[in-house]
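Okay, got some structures for you below.
Okay, so chain A shows up in both of these, paired with chain B first and chain C after.
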Partner chain A sequence: MKTYNLAALLVGVPLLMAFSIPLFGFISKQLAKWITVLTLGFEFFFGLYIFFWHIYPFNVIMGNWVPPFGENLYIGPFATVLIILVSFVGLMISIYNLWSANHGDVVHFALLFLMFVGGSIGLISTGDIFNIFIFMEITGISSFALAAYGPERRALGGAFKYLVISSIGSTLYLFGVLLIYTQLGTLNIAEIAARISQTTSGLLTFAGILLVAGLAVEAELFPFNGWVPDTYTGAVNPVSATLSGIGSVGGIYVLFRILMTVFGKDGNFVSTYGNMDLMALVAILGSATVVIGELSALVQKNVKKMLAYSSMAQMGLVAIGFSIGSKLGAYAGVFQLVNHSIAKAMMFLILGVIVSFGIGEHIEDMKGLWYKSPFLTLAFTIGALSLLGLPLFGGFWSKFALVDASIQRGGWYDFVIAIVLFASVVEAFYYLRIVGYMFTSKPTSTDKIKVSISPAVPIVAFSILIVAIGIFPQIVGGISWNAAHELTDKMGGYVLNVIPTIVGH
Partner chain B sequence: MIDFLQNWIYLTGSMALVGIGLYIVLTNTNIFRIIVGLNIIDSGTNLFIVTIAWHPKSVMPIYTATNNLVVNGHVISADPLPQSLVLTAIVIGLGTTALALAIAVKIYQKYGTLDVRKIKEEDR
Partner chain C sequence: MMSDTPEIVKKVFAIFVVGVLIIGFFMVFTQMPKGNEVNVNNTVSRFYVMKDVDQATQMLDKGTYFNKDMVPLRNDVPYTPITFGKSENLEDGAANVVTSIVVDYRGFDTLGEVTVLFLAASGVMLVLHGEKRKVPKKKIAPSEIMYVGTRIAFSVIFLFGIYVFIHGHLTPGGGFPGGAIIASGILGLFLGRQGYSPNKAGLTVFESLSGMAYAIIGIIGLVAEKSFLANFLPTGTIGNLFSAGFIALIYIAIGMKVGSELSAVTNAMIVDTEED
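Showing the complex of A and B:
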């Protein structure tokens, strides 16, 4: 067991800075926004340091209480890649916010944003199943308030819907946690994972269903994703980017940490303990999410709503990838998660720039964008092509791995291949329709859109990253493979790294 | 009957509260009533957390000269951990309720109604 207690700063610094932002806000509003940039920059470079110096996997042990007696943070390869991802997307959106957040209560917007990203990083790194609930509520409460921010009144309805569904979801999650606690008397993920076979099978299944139902709300899986379209459409664009680029990452992480590490039964393909294979349940939910999300996106005329439904469908693809249960499947899931959150965050930011120049969100309004702003059009095209999985863009490698993994699994996963390909075709149809409008039609007015430096930086960075991943997939591939190993080999990959002396049952 | 009540009333009661709360949330169209329903769900959860730590003959989990925690090799004290968890859960529930009420006030200012259906119609 390796310990590296300095990494507690990963969770501590954003929360500390978030609550001191009102103090900086007294000095100047601009300073408050720059504090978010600096803090998330610190997080990002700390993540890169952990990655490149190969410090992971390690534990952070609070107050010298060794797990399972004390609370710990565990940062393995999976947590490392997601911390880098979340802090990178957060950093980029905070740079964008320097330009975009200038109406209303800017200082508290910065506070909530930093709290949301800090909570997500805590959610990803914690090693205690009840702390997951606490971090879920930290991200939850800050994201309800973020979703309600903005001049438009439709934001309020979306935020309220999200609040109701999400609080019921986290209550269900809490019930599941407590049912496991009554069986094993511990809340440490590693100890529960090692002793999960000692529980009553029926109760474990019930707890598992409650956990899946609670976590599927954040992970945007059908039928718990009714909030997605309203909330994403209502919120201001940086908030939609945050929710789809960061919020869903945390949800998916916890869902599969619970299913594969805690409930997982090792084998060629990971399945779960209990009367029912919960991985199969999630595979069914994921497939339904893909089909419903893509078909709903197809008929939308509002680009933002289309992106919201497409976000749902992509999370379904991620869930299918993990639920295959093999190493390749988990690899595909992690890779697809990275690709999706980069591309979708970028597209929401681009839409934000477009809307700020008085062009609407309707699909007809996209006509002739190429003549107004070649830069935004190219970036949007790169994002769209990556999402639908064209070679030379990031999304190709993850969808390729997903199809490959389903073929290896065989059986009824052959059906999954059909769904992935179907999704790609439908996605191609509606994304290429927008891209086609952008390039071909002549605009009615030829006012040029002049993008200033602060929103241009994140868009350029995201599009370079997408193309770079497409050409050199090993940038993300290597660590995704380690993450897949951590998920599929539960004793060697997780439990023994946290509690070296424990014996699996 | 008394035995049954002593052992199960809190457990069934907490489940019933959650059920009532879910029913209220699902069937009402008034935002204020939905918030009340969320609160009832929260109360049910909190009662459940306390209940799993407790049984009718348990003693307090503090070791003193007269308070034996272990009798004949069986632990008879209440479990202190869920009682500390419930504090966290109560505070989180309070925070969510406060935020929900704040959003409800904003909705009433912008739409002039708290009926979910009317809000949906106005958005069209």
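Showing the complex of A and C:
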């Protein structure tokens, strides 16, 4: 067991800075926004330090109580890649916010944004099943308020819908945790994972269904994703980018940490303990999400709503990837998650710039954008091509691995190949339609869009990253492969790293 | 997409979902172990109640802790029972077991809970920001008894709240109830005085500083004891006011934070949602 307690600062520093933001807000509103940039920059560089110096996998012990007696953070390869992803996307959006967030109570907006990202990092790194609930509350409550932020009334409706569904989801999650606690008397993920076979099978199945139902709300899986279109459309664009690029990452992470590490039964393909294979259940939910999300996105005329439905469908693809249960499948899932998070966050930010210049969100409004701003058009095209999986862009490699993993699994997963290819075709249709409008049509007015430096930085960074991943997939590929190993080998990859003395059952 | 669905289909679907959930809940009861069969000794909390994780672990053979069945404790390891007012330098030192679990063994959760409350208050302020203060048309001045009574009661309630959170490691209560008691005293002031409004900036500063204090206590633990939120003070004699190390400090921070936060939320709600 390797411990590196200094990494507790990954959670401690955002909390400290969030508490101090109201004080900085007295001095200047701009300063409060800069604090989020600095804090998330710290998180990002800490993540890079953990990654490049190969400190992971390690434990962080809270309060000198060794697990399972106290609480711990476990940062393995999977957590490392997601911490870097989340803090990078958060850093970029916070730079964008320097320019975009001017309306209303900016200080509390900066605070809630910082805590949303900080809470997601906590969610990803914690090693305690109840602590996950606390961080779900933190990310949940901050995202309700963020979704309600903005000058438009429709934000309130979307935020309220999200509040109701997400609260029910976290209550179901808590009930599932409680059922597991009645059986094993512990909340530590590693200990539960080692002793999961000692539970009553029927109770475990019901607990599993409750956990899946609760977590699928954040992970945007059908039928728990009714909030997605309204909330994404209603919220201001940086918030939609945050929910899509960061919120869903946390949801998917916890869902598969629970299914594969806690409930998982090792084998060629990971399945779960209990009367029912929950991995198959999630595969079915994921497939349904892909089909429904893509078909709904196809008929949308509002670009923002289209991005929302597409986001849902992409999360379905990620869920399918993990639920295949093989190492290659988990690899495809992690890779697809990274690609989706970067590309979708960038597209929401681009839409935010476009809207701020008085151009609407309707698909017709995109006509002739090339003549107004070649920069935004190129960046949007890069994002779209990555999402639909064209070679030389990030999305190609993950979709390729996804199809490859489905072929290896065989059986009814042959059907999944059809779904992935179908999704790509539908995505190609609706994204290329927008891109086509942007390049070919003549605009009605030729007012140039001048993008200032603060929104340009994240858009440039995201598009360079997408192309870089497309050309050198090993940037993400190597650590994704380690993450896949951690997920599919539960004793060696997780449990024994946390509690070395434990006896597997 | 969903708006085209007929009403009857929605209702049938909703009843179906609720039915499945209800059946699930009742199926759980058939599988739950009976009350007298539940083995409480087989939980992590067994070690907390014995108030010494290290010793309790030694009293089990290596690895046997993770068995499903109850494992008898070994007799060859000496175990000194804990006496109120006598035992010194325990690993936790709080007389209140709940407090020692909430603030010490699982202190990280509590830091999260404090943040949840903070975010809820901030979210209320973000959403209600910019709503105009509406002056009520009908002014009903509180009676003389109310005016004098709430001011007297406020001081008593305030002191009682402070008492509750300072004695959190000895008696039932702690930071959250103590803070709520203080906020209820402030609520009394709202009732007793027409147009009363606390100093908003003062509340914000108080709230921020006490929140930062909690996080800084955690970081001091990281520096002094090499672990975030570790107890860096001597634990003293169990039952004394000055015992249990940093628990009292954390509870003071929590109590001040919860008190100022709930007062600020009450203020935002009362001022901003008055009907005209």
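Observations, loosely collected:
Throughout what follows, the second predicted complex is superposed on the first by the 505 of 505 C-alpha atoms of A that agree within 3 Å, B and C clash if a C-alpha of one lies under 4 Å from a C-alpha of the other, contacts with A are read in each partner's own complex, and residues count from 1 in each chain.
Everything that follows uses one rule, which is that a contact is a pair of C-beta atoms (placed from the backbone, for glycine too) under 8 Å apart; a residue touches a chain by one contact, two chains touch by 3 or more.
Every value quoted in this text rests on a predicted model; they were computed, and no experiment measured them.
In the superposition on chain A, no contact is made by A:290 with either chain B or chain C.
Of the two partner chains placed by superposition, only chain B is touched by A:168; chain C is not.
Once the two complexes are overlaid on the shared chain, A:178 sits against chain B while remaining clear of chain C. In the superposition on chain A, contact of A:160 is made with chain B only, not with chain C. In the superposed model, A:122 lies in contact with chain C only, and not with chain B. Applying the stated contact rule after C-alpha superposition, one finds that A:145 touches each of chain B and chain C. In the superposition on chain A, no contact is made by A:313 with either chain B or chain C. By the touch criterion defined above, A:60 lies against chain C but remains apart from chain B after alignment on the C-alpha atoms of chain A.
Of the two partner chains placed around the shared chain by superposition, chain C is the only one that A:109 touches, whereas chain B remains out of contact.
Note on chain A: of its two partners chain C and chain B, the one contacting more of its residues is C. With the contact threshold set out at the top, residues 130, 134, 137, 141, 144-145, 148, 156, 182, 185, 187 of chain A are in contact with chain B in one structure and with chain C in the other. Residues 5-6, 8-9, 11-12, 15-16, 18-23, 26, 60-65, 68-71, 104-105, 108-109, 111-112, 115, 119, 122, 128, 130-131, 134-135, 137-138, 141-142, 144-145, 148-149, 156, 179, 182, 185-188, 191, 194-195, 198, 200, 202-203, 206, 209, 226, 296, 501-503, 505 of chain A are the ones touching chain C in the complex.
Per the touch definition, chain A reaches chain B in the complex via residues 130, 134, 137, 140-141, 144-145, 148, 153-154, 156-157, 159-160, 163-164, 167-168, 171, 174-175, 178, 181-182, 185, 187.
Those residues of chain C that touch chain A in the shared complex are 1-2, 24, 27-28, 30-33, 38, 40, 42-45, 47-48, 53, 62-63, 66, 68, 104-109, 111-113, 115-116, 118-120, 122-127, 129-130, 201, 204-205, 207-209, 211-212, 214-216, 218-219, 221-222, 225-231.
Residues of chain B that touch chain A in their complex: 18, 22, 25, 31, 34, 38, 41-42, 45, 48-49, 52, 79, 81-82, 85, 88-89, 92, 95-96, 99-100, 103-104, 106-107, 110-111, 119-120, 123.
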